[in-house]
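Next up: some structures, all given as structure tokens.
Here come two complexes built around chain A, the first alongside chain B, the second alongside chain C.
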Partner chain A sequence: MTTTATPANTAAVPAGASRTKVLQRQGAAVALALVVAVSWLVFPRFGSLDNLRDLALQGAFLAVIALGMTFVIITGGIDLSVGSVYALGGVLAAWGSQHGFLVALLLPLVVCGLIGLVNGLLIARTNMAPFIVTLASLLFARGLLLVITDEGATTYQIPPDSAFVELGRGTVFGFGYPIFVAAVLCLLGGVVLNRTSFGQNVFATGGAEQSAVLMGVPIARTKVLVYTTSGTLAGLAGALTAAYLQSGVTVIGVGLELDAIAVVVIGGTLLTGGMGTVLGTVIGVGLIKVIQNVINQIGTLDSNYQSVVSGVFLLIVVVLQRILRR
Partner chain B sequence: MPTDTPTGPVIEVAGVTKTFAGVRALGDVDFTLARGEIHALVGENGAGKSTLIKVLTGIHTPDAGRVTRNGRISTIYQEVNLVPLMSVSANLFLGREPRSRFGLIDRARRDADAAELLRGYGITADVRSPLGTLAVGEQQMVALARAVEADADVVIMDEPTSSLEPREVETLLGVVRTLHEAGIAIIYVSHRMDELYRICDTVTVLRDGRNVHSGPLRDLPRIELVSLMLGRSVKEIESHGTTAFGESHHADAQPVLEARNLSSKPRINGVSVSIRPGEVVGLAGLLGSGRTETAKAIIGALPIDGGTVVVAGAPVARGVKAATRAGISMLAEDRKTEGIIPNLSVRENIVLAALPRLSRFGVVSRAKQDRIVGTFVKRLRIKVSSPEQKVSELSGGNQQKVLLARWLCTEPKILLLDEPTRGIDVGAKAEVQALIDELAREGLAVLLISSELDELLDGADRLVVLRDGTVAGELEGDRLTREHVLEAIAAEVTDDAESH
Partner chain C sequence: MTLKATRTAARTRWLQDNGVYVAVGVLLLFNALFTANFLTLGNVTTQLVQAAPVLIVALGMALVIGTEGVDLSVGAVMALAAAIIPLYLGAGPLVAITMALVAGVLAGVFNGFLVARVGIQPIVATLALLVGGRGLALVIADGQLVQLHDPAFLALGTGDVLGVPISVLVAGVLAVAVAALTNRTTFGRQLVAIGGNRKAATLAGLPVTRVLIGVYAICGVLAAVAGVLATSRLSASDPADMGLLMELSAITAVVVGGTPLTGGRVRVLGTVFGVVLMQLVRATLIKHDLPDSIAQMIQAAIIIAAVYVARERR
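Right, the complex of A and B next:
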């Protein structure tokens, strides 16, 4: 990254602002391009169509969750419940698939959306810390999942001939449906964030809540909406995963909320709120997934190195954000 | 904008009473705002101005009385209430963005509209850049533009100029006049007499929650206005003056503090200041001229790339800790973010800085604390119900005194005061000024930073004038006049000097 010299006449303006912007817009993208280029050269299998398809599909599930998290974090909040809600969504979809496609799809969306709604209402109306509220619903959702599945003993299978399976396993040119779902949602999310009043309210809420109140921004409604969206999207990701795996796996999603937070922050969204992009989040997802993919390809490396590398990346981004905001 | 010209007042308040937890904030207040007038609302802090504004805007519901509004009200506040991370244009149009097809926000038009609109307010900055990158004065102007463009019939301005440069004040007053010509009524809250007399038609004076005077401003002599606000007789004020500073101080010959060639580029560049015991040295200059930075460099809170700080002949190591140990204390400009800890009690706030000195093996003697706190509460005349009262419940003036007490109980030799009277009311201001005077008389070396020239001219024995991070002049004795200071400040921007 090159830093351009600040002209003398703008010395009063914090020089970090423009640099931060450049870094946030392009920092993660540059890193992604580098990692992809190196992987392409070093690992012959990386560039194969099969691998890229797999990569995109793996990224799609995380992207759907991270999209909701992006909105939440821009409002200055956090949603720790998405990992559990994701798992719950999967189990509900698998259970619901016995009653047909619609139940399989809508049941997780409604239940997970409700959990998000309750999160949002508690956070917006009682002014409780999002950290605590969503920590509680993390436990709640995981508990509910264990109740439904007899403490995980029952795994609901999705009938292979069910139309619902198609949602997870169907492909266009070999690219799975979930990829397209995620792409459409992210596109939509970007438009909502930047081109609607709701999006502006999201930025204002996280940027300066007290000022936003005085500017007439409906803070409470905005918060309720972002947490509801986050819960619903986590449920959808769970449903898609269940359709892909053809069963409601009970043990997935543990710690997934932290992955989601990590990719959002790596993508340049400020953890303190008020600034962020959906594109950044998508790039963050890409970066993490490519690194995981490469570590898997090395084969000799323990897969736990994935977390090590993700952690290092996150740290670098957060430190850079901090430095550039001075 | 008013299409036809309806007659009658835009706002009419009759017999409004508002009580908070048994304390009466407003008692039987009448207030009338005529269409298109500029109405000054004055009074000491705690007189009920904010409460009245909140009743007018509907944030508070009065316990008794009637409020009639015949128009849309917009309010701009002392602190810029916008979102720094969002773009200028997004801030300006938040909540009423221009739309394109599908009801989406038309960003191109929003930016173009914003740029054109702000040009009328003298702002030429890129409207797509984050608001936070603009100077405070420009931000205030954006807030004003936003308030006005909301098709308001009434604009309430709460201390709009408290953070503005003289030049920016002129622009703002110009905008106020334009609004006035457009038929918009304005309620103007300010402690600055000059501004009030320049633009306001009528005045309402609140004291202790009551309307003690309403009438044309021009007919009211300044001294009488002040006496109405304070509830003291004109005679009493005449004999004491408007600032509470006394005669110049007798200072020793040897400086206790010598800051030599302090540099922290690009903010300050080779600033030297020396203060003798018992002397008040004023630091004058525009916002951004490096006043605060100089003080911060002296106390070691700002990394420097050159220069030394010498206290009583011995160089001080870098860092706040070393400076504090050497006897330097600083009262920061921003009470809220750099000083007061709102949820702690008055006692806890006061003893905070002195804790290391008061504790033995890490244990702090409560009796010792109470004794010190008691002394300072009495000496600084801090109005508290008990030392255990939460500091956030105090008025701005009393909070400032608590901070002053905090640093005084570390027994400093040198006190750096950054805007000690900003945002506090006339009465408390006088008390703080008198205190500064008293402290200097007792032998403390004081560095006084203030945007109010009167305060510097009356309070300081010597003035160091900064411009663009360098010393533009040092004034003393006969040369300690408004003209000389403005001359030094505005070497090239002479057109600023005409603002009185």
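Right, the complex of A and C next:
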């Protein structure tokens, strides 16, 4: 999209830490530190170990999805299908759990990965807009979910004593396994993005596609890979959620794509592509979840304010980013 | 280019421009032949009434997309309009409707300001209002669904003029107005020019900021109109559900109607037919007892097919 931004310039130095880039990243981090500090002082329950564990677990599912979205957005694309794919992944995992741990884990990864692959192929090979392709697969994945669940009437339960439930509910020092899964994946994602040639290709694809083509960057393959990754990760997040909830809830994930996009943007990744960090996304997830947590702590405050505050917050961040970039 | 290649190109070009009309024609023919009681006055009226709010929103969306933007906040603006109606209904329906429309304009100006002046990407700028707008609507309404009883206001949703439901009439008039605005006014030419190449439009001295804010304001007020009509038809203010996922329906209709997401072109008649096509598909599937699951997957396929046909060649 044509804005006054000049992505070509910023893309030229993907690895180099320009001053504005540092400012942006630290901006989100500073905000997170401030919000956490204030919450800690004002709300005695905020700092309790129980609440922090809860907070980290809530953030873990979103972080896994947002990680895939970060890659997609850095290539200059967008993936609207993740909310539906997330729900589908959960249902597939719950359905598969009757056939054992491996099926419960692999089925959602494979099917959701395939949906991502089709997204990627359509976007890379036919020059259709990512927005509209993934909008279609948002509908498709929801439809597929309804087919499997008898139009949403059936909710598959996961046997409480199965190993798969352990994946969602097991803990180390009280911290749930999904937190570690998300942490390992984000670490891995950061390394891939900054230390591998694939990561360089992701930046190049989003920075200046034409120049990337001329430089011999495999644009099509990079795009197919990022959308496949995004689909797979959304499916994994769904599977983890199902394991945690011990069932494949059919109605979750509506609008989740927008949450994921919001945290990626708050984390300083540009929607124009060519620039972004995994750390920023993790900080973005932290910010949104801490704010939601705090609003829940204020018992008297209407829960409807939660989305108002999230909206205002998103706005402040993007306006600040814009001003910092000038 | 060989003759054969020229012919193929011409055929593709024709399909790009007219595919949506052909699709609507084929579906109408199919239903006329195979669906009982489809082309009855009662059913056609029902279908049109259902499609009217989507069309009104899609008209505004077409203008925004023509500027190479997108407005994700339309559903939230409908919810805001719905929440405002009961607050002022005591002072009369005209006051209530005016206040709802003013809120729509303000929401649109807000979006437009963020996009045009601050320079934030349309997706993010309008995402903020999508997230916050519905929350604000729920705060205003205290999270409650409010039954409405004002007969004059409810007449908007139930009344008709010479057999044509008022909401359909409003949608029709607005479609003509938006078509005239796009094709016959300086504003229309400017918005298409901005969508085609914003930098060039700026260099050519077009009032880019003013036009963009105007376009988003129009989109906002149209979403509010749709919210008012839908609220009246529901005879209740329901900010929790009003306009939910409307942004996706509207964008789909606009794109299926042949307006490219890359901007620089607005097809108003195509948008009307895009809305009609999506409504026809849904109605056809329901009448033939196909479950919702299949309906959603077929809609996905139609979107892909429409965009595939209309895509820009490399």
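Observations on the model:
Going forward, the second predicted complex is superposed on the first by the 306 of 326 C-alpha atoms of A that agree within 3 Å, B and C clash if a C-alpha of one lies under 4 Å from a C-alpha of the other, contacts with A are read in each partner's own complex, and residues count from 1 in each chain.
Quick note on the criterion: a contact is a pair of C-beta atoms (placed from the backbone, for glycine too) under 8 Å apart; a residue touches a chain by one contact, two chains touch by 3 or more.
These numbers were taken from a predicted model, which means no experiment stands behind them.
Residue contacts after overlaying the shared chain place A:Tyr305 against chain C, while chain B stays out of touching range. In the superposition on chain A, A:Ser197 makes contact with chain B only, while chain C stays out of contact range. Once the two complexes are overlaid on the shared chain, A:Gly274 sits against chain B while remaining clear of chain C. Contact with chain B, but none with chain C, is seen for A:Gln210 once the two complexes are overlaid on the shared chain.
Partner contacting the larger number of chain A residues, of chain B and chain C: C. In the superposed model, A:Trp40 lies in contact with neither chain B nor chain C. Across the two superposed structures, the residue set of chain A contacted by chain B and also by chain C is empty.
Interface residues of chain A, counted against chain B in their complex, comprise 11-14, 17-18, 191, 194-197, 199-200, 203-204, 206-208, 210-212, 214-217, 270, 274-275. By the touch criterion stated above, chain A contacts chain C in their complex at residues 1-5, 78, 122, 126-129, 131-133, 135-140, 142-147, 151, 254, 258, 261-262, 265, 271-272, 302, 304-312, 314-315, 318-319, 322. By the touch criterion given at the top, residues 75, 77, 80-86, 90, 94-95, 97, 103-105, 107, 129-130, 132-135, 146, 266, 288 of chain B touch chain A in their complex. Chain C meets chain A in the complex at residues 68-70, 72, 114, 118-125, 127-136, 138-139, 142-143, 197-199, 245, 248, 251-252, 255, 261-263, 291-297, 299-301, 303-304, 307-308, 311-314.
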